[in-house]
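Read through the structures below before going on.
Note that chain A is present in both complexes that follow, paired respectively with chain B and with chain C.
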Partner chain A sequence: MSRRQKDILIWIGTFLVMLVICMPGLWVVLSAFRPNGEILTKPAVWIPRDLSWDNFRAIFGFGDAVVAIPVGSYFLNSLIISVTSTVVAVVIGMSGGYAFARYRFPGKGAAFLWLMLSRCVPGIALSLPLFIMWSWTGLIDTKLGVIIVYTAINVPFTVWLTEGFFRQVPRDLSEAAQIDGCTPWQAFWKVEFPLAKSGIASAAIFAFLTSWNEYALASQLTRSTDSKTLPVGLMDFTAQFTIDWAGMSAMAVIIIIPALVLTFLVQKHLIAGLTFGGVKG
Partner chain B sequence: MAEVSLRNVVKRYGGHKVVHGIDLDIAHNEFVVLVGPSGCGKSTTLRMIAGLEEISEGEISIGDRVVNRLAPRQRNISMVFQNYALYPHMTVRENLGFSLKIAGKPPAEIEAAADEAARILGLQPYMDRTPGELSGGQRQRVAMGRAIVRHPDVFLFDEPLSNLDAKLRTQMRVEIKKLHRQVGTTVVYVTHDQVEAMTLADRIVIMKDGHIVQTGTPLEVFERPVNTFVASFIGSPPMNLVKGELRGGVVELAGGGQLPVPPGIQTPPEGARVIFGFRADNFMPVGHGLAETGPVALLELPVTLAEPLGAESLILTELAGVEVQGKMLNPRPIQPGEVLSFQLSLDRCHLFDADTGKSLR
Partner chain C sequence: MSRLRRFLRDNAVPLALLSPAVLVILLVVLLPLLFSLYTSFSNYRLIRPESLWDVVWFRNYLRVLGDGDFWAALGRTVLFLTLVLNLEMLLGLGLALMVNRLTFGQRTMRTIMMFPMMFSPILVGFQFKYMFNDTIGVVNNALQSLGLTSHAIPFLVDRWLAFASIAIAEIWMSTSIFAILILAGLFAMPRDPVEAARVDGCTNWQVFRHITLPFLMPFIYIAMTIRSLDVARAYDIVDVMTGGGPAGRTELLWTLIARTAYDDSRMGQANAMAYVSILLSIFFTWYFFRKLMAARKHLGVF
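Right, the complex of A and B next:
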């Protein structure tokens, strides 16, 4: 087989694999622009005949077909909950990661292990106890209630990820900074934080996406437009006998876009290997 | 003025004592080298002076201030780390100016100080590069530059040359010495390399197992080692040490043969177990050494191996069953097994107590 033939085969293989991976996403995006009738046609219409913004107009309440779903509120709830829980989780997780990377303290290994083990528990298994506790404390159907849960979910992972990045920053750098006149706090912000930035950015993206996409717990803990998030809001499109696939797809696209934009924005900060060169290399 | 003084300084990690009550006075502008094998506590001592390690007991003062409880930034010191510890996300210029920026100095002053340091160390062409784009020697220079911009009271060097290759190490050694002449600041320098210690130091402090074994000028520790540890640690090749016993005013070597007691030694009691020590430089084949004025002993010994170094050769031979090294100036080719007549300069020889290792001189 010639080299060219080999290349062609590899490309075909790659295309097929990518097709399988991308098809659901692609189908959601296509469906967002098609009328419900075309989506439900059997046999399936593969090539869309009729693309329009009608579904988006409908869910945002423009035009004729008004869908009574408060997408705006859901979007705002999702944004507030995700951003807040991400910021809080990153601040806590980063402090924890730094402590695990730099300090020796009794029970360190066990504490780290337990943090990781907490990730083994499926979130949905916590929903009943959480529901009960939240109803005692009046946190059901509040943004704060969801923020607390998401923060708790995100902290262990953030600790784990940032710990690795802080461990890569040589201790000497902080010491050098302190000899150069920094307080330990300044040494952290001026030297160690910038060097672990890429790790912290990745941790933030992961935390944000987890919060943004989470469905199971939010579906239990939220009730109304006060706290319902976008993924939970998707279920509003199901009625007793019908499902508005077109609207649902349009909303799914609305959910995907911010996550995608954010990932692309932060991606350029994810350049690893920044710490190399400061020490003997 | 910045003298550094250590009074009974102890460092413990948990219950484990790593520095056992060190006393040391370092004069203003003095270049002191702490030297010893790894694990001897020299780096810990340096880090205690820097404030990077807490002091378990005792007192350290810099100038007239006791610094035990002061943070590193309050001690007005600079440190060059073994791995340079340059800030990888900053350019050379920013690295050099960092301490002044933290101190809140105006940009013009920072700029001027960075330029001055760059001029002294020949770093001008690299000012806008990051450490990752520099060679080992250049990084080393940036690290030194970062140390000098602050005009510290004391420079601390923690094995700064051990990451460089041999040629660069020699070159940087010269530069460090020049730098000390130029800026004239008290220096405490830690190394495990006795050559660095000998070439750089005004005074060498030899440490072992958390104790100071000997303090003195390079020549003092070379010529008058207080014990066998210093004798074998300082000088290259290390001092030859041969065991024996004192019998009838001569040293009966354990492996047979005898040597006279070197002059200037307090003669130990009859039957005392001793170690006879001499350096390769004082043990040379007749006709290939220096003209000796003092007493010599002549020894006929077969050569095991000759290592030509160019201007001289190291000659390996056996004395009383112990492998010893001699030196041959103006060398000629030597075959293993060839018997040479060695002259041993007796007034340069040493005698140590075999039990304590202490010098009997």
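Right, the complex of A and C next:
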């Protein structure tokens, strides 16, 4: 067997393994386009007979079959909450990461460790006191309440990633810019920020995905269409004894798509962020 | 006082830069944790607000420690973590080695490999609940169509099958994180020692065992550390797949906490359990972080 043939065989083998891995996800995507009747039929229908957008139309309230679940407002809530908390967390995290990367100060090591340890607290354990405190302050069931919480849980990881990237930007560059007449802020914004951009981008994506996908905290801190996010809304399809599988699958696709698009757009940064920020940091 | 003032003056810039991060974490993590530490010593029930001031000291902890359900859930959680993290590591290592051997199309494969990482845990739970469903699930349908079984297998009802189903969902979700990080390690590996070993007549296995694997160990421990930070996300999967049931047979520590707090409204006791789960998370993270540092020192390259 020639070397070329062997390479092709390895490729085919790998492709088959990847196909098996992707199968569960693809099955849900396929179900989103099938009518509930076909999903429930016995014996099972293996080759889909009619694929349509009906499920999507139904959960957004168009079409004949109307589902009484306000997916539109869940989507909007998710978007507002995730984007706001990501932006705030990246700004706060970047400033913290810069402080760790560029300055010496007493207690630096301990501060870094404690920041990271705060990330260890399981969401459900944190939800208990937050639930009570947010009820007292009226932050329960508001978008603001969820945004504050998500910002905080994203800050440690953002600090960690951006710190690794800022440390790789040579200190001389900023000093040279300041000698040439830049203010420290200009030196940061025009020299150091662009060089650390891929780290900041990957931190932003991680923060967005964490907020977009979070469930344990949101399921306790939200309860109405004012603040419920998509992952929490997914549970609406589960009634006491029945589950609307087709509707749930359609909603699953809606949750996946933004994450999918975002990850593919920036996957180069993502891998760089994980390896450099994580390994060398 | 003057020492404090001098400290503030000398470190004004880094302190100012750090303060927003510290502030938000104080507000959302530390303050609530102090509050829940207090409630874990009280008889607080959600339905009786005045019970917040009813301090019972260690009664919650003693009750939790004497509770069979708690120990069962804790044992199940530790078993779950050990099983899942090890399998994810082995499968991720296999995947990474496989992708690393590709001579073309590697970028595409890497992208496909990351597919499960984009799924939120709640979706993964839903997806496997759907697949393992006993009447309409694709797994049961396939087994029956192939004639392997005549009746539906109750994957999510039987104690061990349900446990295995949840573990499969968790492994599906997180194996690619291991694979990506280990792959990064393979990319960073110097070629010379491998070639030198081959010239000296080492077999493939010997090269892997004595050169590749030790080099990959820091990367594996990084993956373990990252994973143990968010391993409690398995709560989402269990909550949607079985809800800890039937009859508490798949209850992990995290679902037990949620049930005690919100369904039974016994906040004090739930907070006592939550502290045990926090310690468990910190222990796992600390353990792998220590291993990471030791592996780095051993290699001497980082």
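Methods note: the second predicted complex is superposed on the first by the 246 of 281 C-alpha atoms of A that agree within 3 Å, B and C clash if a C-alpha of one lies under 4 Å from a C-alpha of the other, contacts with A are read in each partner's own complex, and residues count from 1 in each chain.
Simple rule for what comes next: a residue touches a chain if its C-beta (ideal position, glycine included) is under 8 Å from a C-beta of that chain, and two chains touch if they have at least 3 such contacts.
Owing to the predicted nature of the structure, the values given are computational and were not obtained by experimental measurement.
When the two structures are aligned on the shared chain, A:Met248 is found in touch with chain C, with no touch to chain B.
One of chain B and chain C touches more residues of chain A, and that partner is C. Shared-chain residue A:Pro106: touches chain C; no touch with chain B.
Looking at the shared chain after the overlay, A:Val149 reaches chain C, while chain B stays out of its contact range.
When the shared chain is aligned, chain B comes close enough to touch A:Pro194, but chain C does not. Contact with chain B, but none with chain C, is seen for A:Leu173 once the two complexes are overlaid on the shared chain. Once the two complexes are laid over each other on the shared chain, residue contacts for A:Gly93 go to chain C alone; chain B is not touched.
In the superposition on chain A, A:Trp185 makes contact with neither chain B nor chain C. The residues of chain A shared by its contacts with chain B and with chain C are 274-275, 278-280. By the touch rule above, chain A contacts chain B in their complex via residues 170, 172-173, 175-183, 186, 190-191, 194-195, 274-281. Within the complex formed with chain C, the chain A residues making contact are 7, 10-11, 13-15, 17-18, 21-22, 24-25, 27-28, 31, 39-40, 42-44, 46, 91-93, 95-96, 98-100, 102-103, 105-106, 111, 115, 117-133, 148-149, 151-153, 155-156, 159, 209, 212-216, 219-220, 231, 234-235, 238, 245, 248-249, 252, 255-256, 259-260, 263-264, 267, 270-271, 274-275, 278-280.
For chain B in complex with chain A, the residues that touch the partner chain are 50-52, 71-73, 77-79, 81, 83-89, 98-99, 102-103, 130-134, 136, 139, 146, 150, 163.
Touching chain A in their complex are the following residues of chain C: 7, 11, 13-15, 17-18, 20-22, 24-25, 27-33, 35-36, 39, 46, 95, 98-99, 101-105, 109-123, 126-128, 130-131, 135-136, 138, 141, 144-145, 172, 176, 180-181, 184-185, 187-188, 218-219, 222, 226, 228-229, 232-233, 235-236, 239-240, 254, 257-258, 261-262, 267, 270-271, 274-275, 277-278, 281-282, 285, 302.
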